[in-house]
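You will see chain A twice below: alongside chain B first, and alongside chain C after that.
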Partner chain A sequence: MELTGLFFYLVSLLILGGIYALLCLALNIQWGMGGLFNAGIAGFYGVGAYSSAILTTAASSRHLGGYGLPVPLGLVGAAILAGLAGWAVAKICVRLKSDYLAMASIGIAEILRLVIVNEDWLTNGSLGVSRIPRPLGDLATGRMSDVVFLGFVWLVVLLVFVASSRLYDSPWGRSLRAIRDNETSAAAAGKNIEKFRIQTFVIGCAVMGIAGGLSAHYFRFLSPTATDPLLVTFLVWVMLMAGGSGNNKGAILGALAIWTLWSVTEIFTNRLPPEWATRSSFIRMLLVGLLLQVVLQRFRAGLIPEKSPPVRFKEEGPEPDR
Partner chain B sequence: MRKLTTFVAAAALLGAGSAAFADDTKIGVLMDITGPIANFIPPLQNAANLAVKQVNDQGGLLGGTAVAVYGDTTGTAQGAVDAAQKLVNIENVPIVMGSLMSGTTIAAAEAAIIPAGVAQISPTATSPAMTDLQDDGLVFRIVPSDNYQGEILAKMVLADGLDKVALTYVNNDYGVGIGQTFQAAYEAAGGTITASNKHEEKKDSYRSELASLAKGEPQALVVIAYAGDSGGKIVRQAIEGGLFTKFVGTDGLRDELLIENVGADALKTSFFSSPTSPAENPAQKTLHDAFNAEYGEGADKAFVDQTYDATFLALLAIEKAGSTDRAAMAQALRDVAMAPGEKVGPGEWAKAVALLKEGKDIDYDGASGNAEFDANGDVGGYIGKFVVDGDGYKQVEIVE
Partner chain C sequence: MIEFINFYLFPALTIGSIYALGAVGISMIFGILRFAHFAHGDLMTLGTYGILAAAAILPVNPLLLIPFGMVLTIVSALLVDRLFYQPLRALPTIYTVISSFGIALVFRSLVQLIWGSENQVFSTGVKPPLVLFDTIRVSVLHLQAIVATAIIAVLLHFFLSRTRTGRSMRAVADDPELAEVSGLDTAKVVRWTWIIGAALAAIAGAFAALNTSAHPNLGWNLLLPMFAAAILGGIGKPMGAMAGGFLIGLAEELSSYHWIGDDALISPSYKTAVAFICMIALLIFRPQGLFKGRLL
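Showing the complex of A and B:
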């Protein structure tokens, strides 16, 4: 192990960690704030990934494309298309109670994945989209381009974090949490529950789309293997639960902690004696599962639990009526 | 405090693991160990381990011990990139063998392995996209591209006097890769595809697909699918419905199971293409004997030959380069794999090292083929034409 190697490994860990942080922030908007159980993250992630890939690659006879747009525009496209997909889904399903919404969204994610695998003209099916550019690609080559990309990813994470925190504190966020905690009383207070839920769902899906787009640019190659529900949907749920549902900082911390755990365990299992070599990958999965159990048992509310912002009253205003 | 102790202990274990074997030379082995193709993997791990074991039994690598460090892609792009980053950055390997699925291989290459300047050799990634990777000559594979088999198949079908066929292929990277190349090559060479259809696996009935494929009087049905799944059912249902009597298949369909299911009589005019070795290949027998002696069984499992060859070639490349210098690996790999040079086969590590010490050029010819790379790091290979002969298949022709 040498230091430069360790440095570039950390860079790669933080890039994927950043992408997962985005997914967690998105899920936190939907579940942590809005109480919407979206189990179809992989679907919206896939829509975003393919949108950005198709918008930014050069012309190819194998899939739709040839737009060659700059990467930031591709990501905007990813957000819009994933948001639109989210809107269509929300229009139909958002009135469902949380567990039914979970079932419906798993189904929808699977539909989106099958569309990606089957519509060759659009996505080149199982053969995938190659030569996807990186943002600021000519700034650096080789491994250094990862460092540039790291900055880009975390800039996006920062923007989404700031926006999401503002949303949380805003009247909009307060109404949302009121709906989450007690739907009937929120409705009695005159809140349009369906409208709020659709908005939440769409915003979350758009951010998932951006995360998908960023992964496509990171991998430089996109095939249906990137939209596996285990590594996209379920791992993100674990991250948010571990980090602290309802807390944006917790979402980011959970993503980084669980992704590091996921990744670093392999370094340890590779140090097992050779006769275990063929089993080490399965031992690793077991280890990850066990560690997650511990985390979920010990930190029931997550590493950083939700803390509602204090209710602030204007000092010069009249004394509130209690 | 306890946490700190645990952390220190873990760090010590990690440090000890890497420091204790100073003479070790690592090679990276990237495989889709968990995930969708997990059941293919155990014999392939054995194949890679066998290559490493033979090297260590016959004098070792660079005077020390060769160690295979595994990375598990989990069958996903995220996992592949993560595992590959660990191999090239933490384990510091000079060359990576793997991965198996095209999707994970290309994602790992693009995001981790090529940027680090490490050479990579895949035993089984058949996607045509591998050919035109911008890889600085670092990425190799020892299995022909799907494009290759598709093109050869088109020639073979035309040479058989068939100029109007219907085509159906399974909707995965295998079927789509060969099917689309076949269609393009066949039509470019003057053949007519009367109907073409992409089907899903694991259905019970393909009769409606077959009904539309049979329109337009095709002379035969080209089926690119697996005998154990859709391919076998399609052939049987086509015969039952009297829709087709002649079939053309690929290696996925060329399976004894097909003969069991439909009978040899029904297949007597049909033929099959499959990657093959030049006539009799003694290297394959050598490997299979060694493999079964070590592990009892499993030498005939899919991709064992390719995985062994890729691992052995990666080890030879390190020995040839004389160090773990990453920049030297791609050229060293070409040197040991390609003619001219003294022939070396599976298991002949001591002979190879002796030849290299004398400064002679070597040329590894493996169980899966002779590994002659073209400019893109692809191999051609031999495609055989097979017909049914009793309960098995007989090779009647080799096309190169």
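Showing the complex of A and C:
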């Protein structure tokens, strides 16, 4: 009994860890490769969650819906809508100093939250959307469906990881890193900086949307109060910084490590008497905030530092002497 | 008309004062230290709770206890700058932005840890509003906030234009390299930036909490309109930020006035969105702000 409990705890830990890994990979595209600051991760995550939920649920009189699409299509919808939201912000802000993008991304997250809370016809307001289906729902029932979902989440993580690694090595990724490291010289080399940055931001936001969609399908119920938006945004930043910004493996490792730390400490704090349990959650938050400072000052490279691939030349005749 | 003045204009000017006081700090920090200070709202929260703590011991008008909050915010700001922001100063400023984002959470969890996360009010009971000329009714608090902000604006103006430190601050905001080679004491300028920004943040927080109630998200919720106000006024222009604060406050409150027909022009639940839309419009059309601030 104890063992099965542990097993299912591990499953839920890894499912949420996988969702955070996706967010972390997405932020790695934006920040790690593109050097773009996004402080509104929770906003894009929320858009994705609601889009996928609304697209896949059966008809309900309380919110927009009744499309009943299969889950993968819901996730595609989540990616498109979150990407669109990201495009709108990026279009306006990328030409300015990155601080402006940071301010505007907080703003868009706040607006999206307001829309979700206030537009009852769309999202059923604070009462939330329920009966969200799971992918491959017929395959298993009860707790075993968590195991199936675990596989599904990590399949998505794998796909995004492969795509993101390919992007990193591609000419596109190289240009992006050139822009990140030296904007002026990249511009001098003829790179369209604005275009690259907008693309990066949109791709990142789309992946955040997918992560949000997956979380909706996991919890099967969605309401605006389910997650603390700031906490999500903040945890993802700490994960990426600790894991190693610019490195996809680092992003996944950071997500798993910090999420494990976060959840396991929760078990201990939940055992404390009630008045201490709430207090200790603030201590946890405080410590994570300080952890970020330590990482920023001492271990900026993270657990797995960024390692640029060697520049390969095509095998056309002898290589020029350099 | 009278209804408009009593129920929309005065509250709008009060909210405007709060934004103005907060935005001055954000604008100066952005202008002088070159980064968007994400922890400024939570610095306000910290100051507010400092005043609350003092109010629990000393039963006097909370406005008299504002200095306690100011001391708390100034000390915290200088400490945080020393421990967390200064080591990152050689890096691109975006790292300091990330750091301040974390500090915002640190401030908030400290507040929650020490004072709990419930709403807290300074005083209970309804105070009768002040009646002027038989028709204009304004709450004492609103009048206090507006007058205090006006006085601070005048003092700040004299500080920036007449004192040596104030002038150095403007010089650094305009051109840091030139200021440095001219032999200005940059460290002193940075110190004063934090002192003024933090002190005004405590005042703003006090008025915000008196206006509604104190809670750990108080400052964070004000951050977006304060950013908008700082951009509107032009980064590095403290007086511009003041004007920007009032304009954003007016825009937010007056957008829910029933200008056309009987319904509010924009639903009050979307008030925050107004500040954001102002910010976006500015970033598209006039990112240097109304008063020709720096575009960083």
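Assume the second predicted complex is superposed on the first by the 280 of 322 C-alpha atoms of A that agree within 3 Å, B and C clash if a C-alpha of one lies under 4 Å from a C-alpha of the other, contacts with A are read in each partner's own complex, and residues count from 1 in each chain.
In this section, a contact is a pair of C-beta atoms (placed from the backbone, for glycine too) under 8 Å apart; a residue touches a chain by one contact, two chains touch by 3 or more.
Just so you know, these numbers come straight off a predicted model, no measurement behind them.
When both complexes are overlaid on chain A, the residue A:Arg197 reaches neither chain B nor chain C.
Look at A:Gly5: by the touch rule set out above, it reaches chain B but stays clear of chain C. By the touch criterion defined above, A:Gln297 lies against chain C but remains apart from chain B after alignment on the C-alpha atoms of chain A.
In the overlay built on the shared chain, the residue A:Arg271 is in contact with chain B alone; chain C does not reach it.
By the touch criterion defined above, A:Asp228 lies against chain B but remains apart from chain C after alignment on the C-alpha atoms of chain A. Put simply, more of the residues of chain A are touched by B, taking chain B and chain C as the two choices.
In the superposed model, A:Arg177 makes contact with neither chain B nor chain C. Of the residues of chain A, those at positions 117-118, 230, 278, 282, 285 touch chain B in one of the two structures and chain C in the other. Taken in their complex, chain B has these residues touching chain A: 10, 13-14, 17-18, 33-35, 42, 45-46, 49, 68-72, 74-83, 85-86, 88-92, 101-104, 106-107, 110-112, 115-117, 127-129, 132-134, 171-173, 176-177, 198. Across the complex, chain A meets chain B through its residues 1-2, 5-6, 8-9, 12-13, 16, 117-118, 120, 125-128, 130-131, 142-143, 145-146, 215, 218-226, 228, 230-232, 262-263, 266-268, 270-271, 277-278, 280-282, 284-285. Those residues of chain C that touch chain A in the shared complex are 30, 35-36, 38, 83-84, 87-88, 93-95, 97-99, 101-103, 105-106, 108-110, 112-113, 117, 220, 223-224, 227, 231, 267, 269-270, 272-273, 275-276, 279-280, 283-284, 287, 295-296. Those residues of chain A that touch chain C in the shared complex are 35, 37, 39, 92-93, 96-100, 102-104, 106-108, 110-111, 114, 117-118, 230, 234, 237-238, 241, 278-279, 282-283, 285-286, 288-290, 292-293, 296-297, 300.
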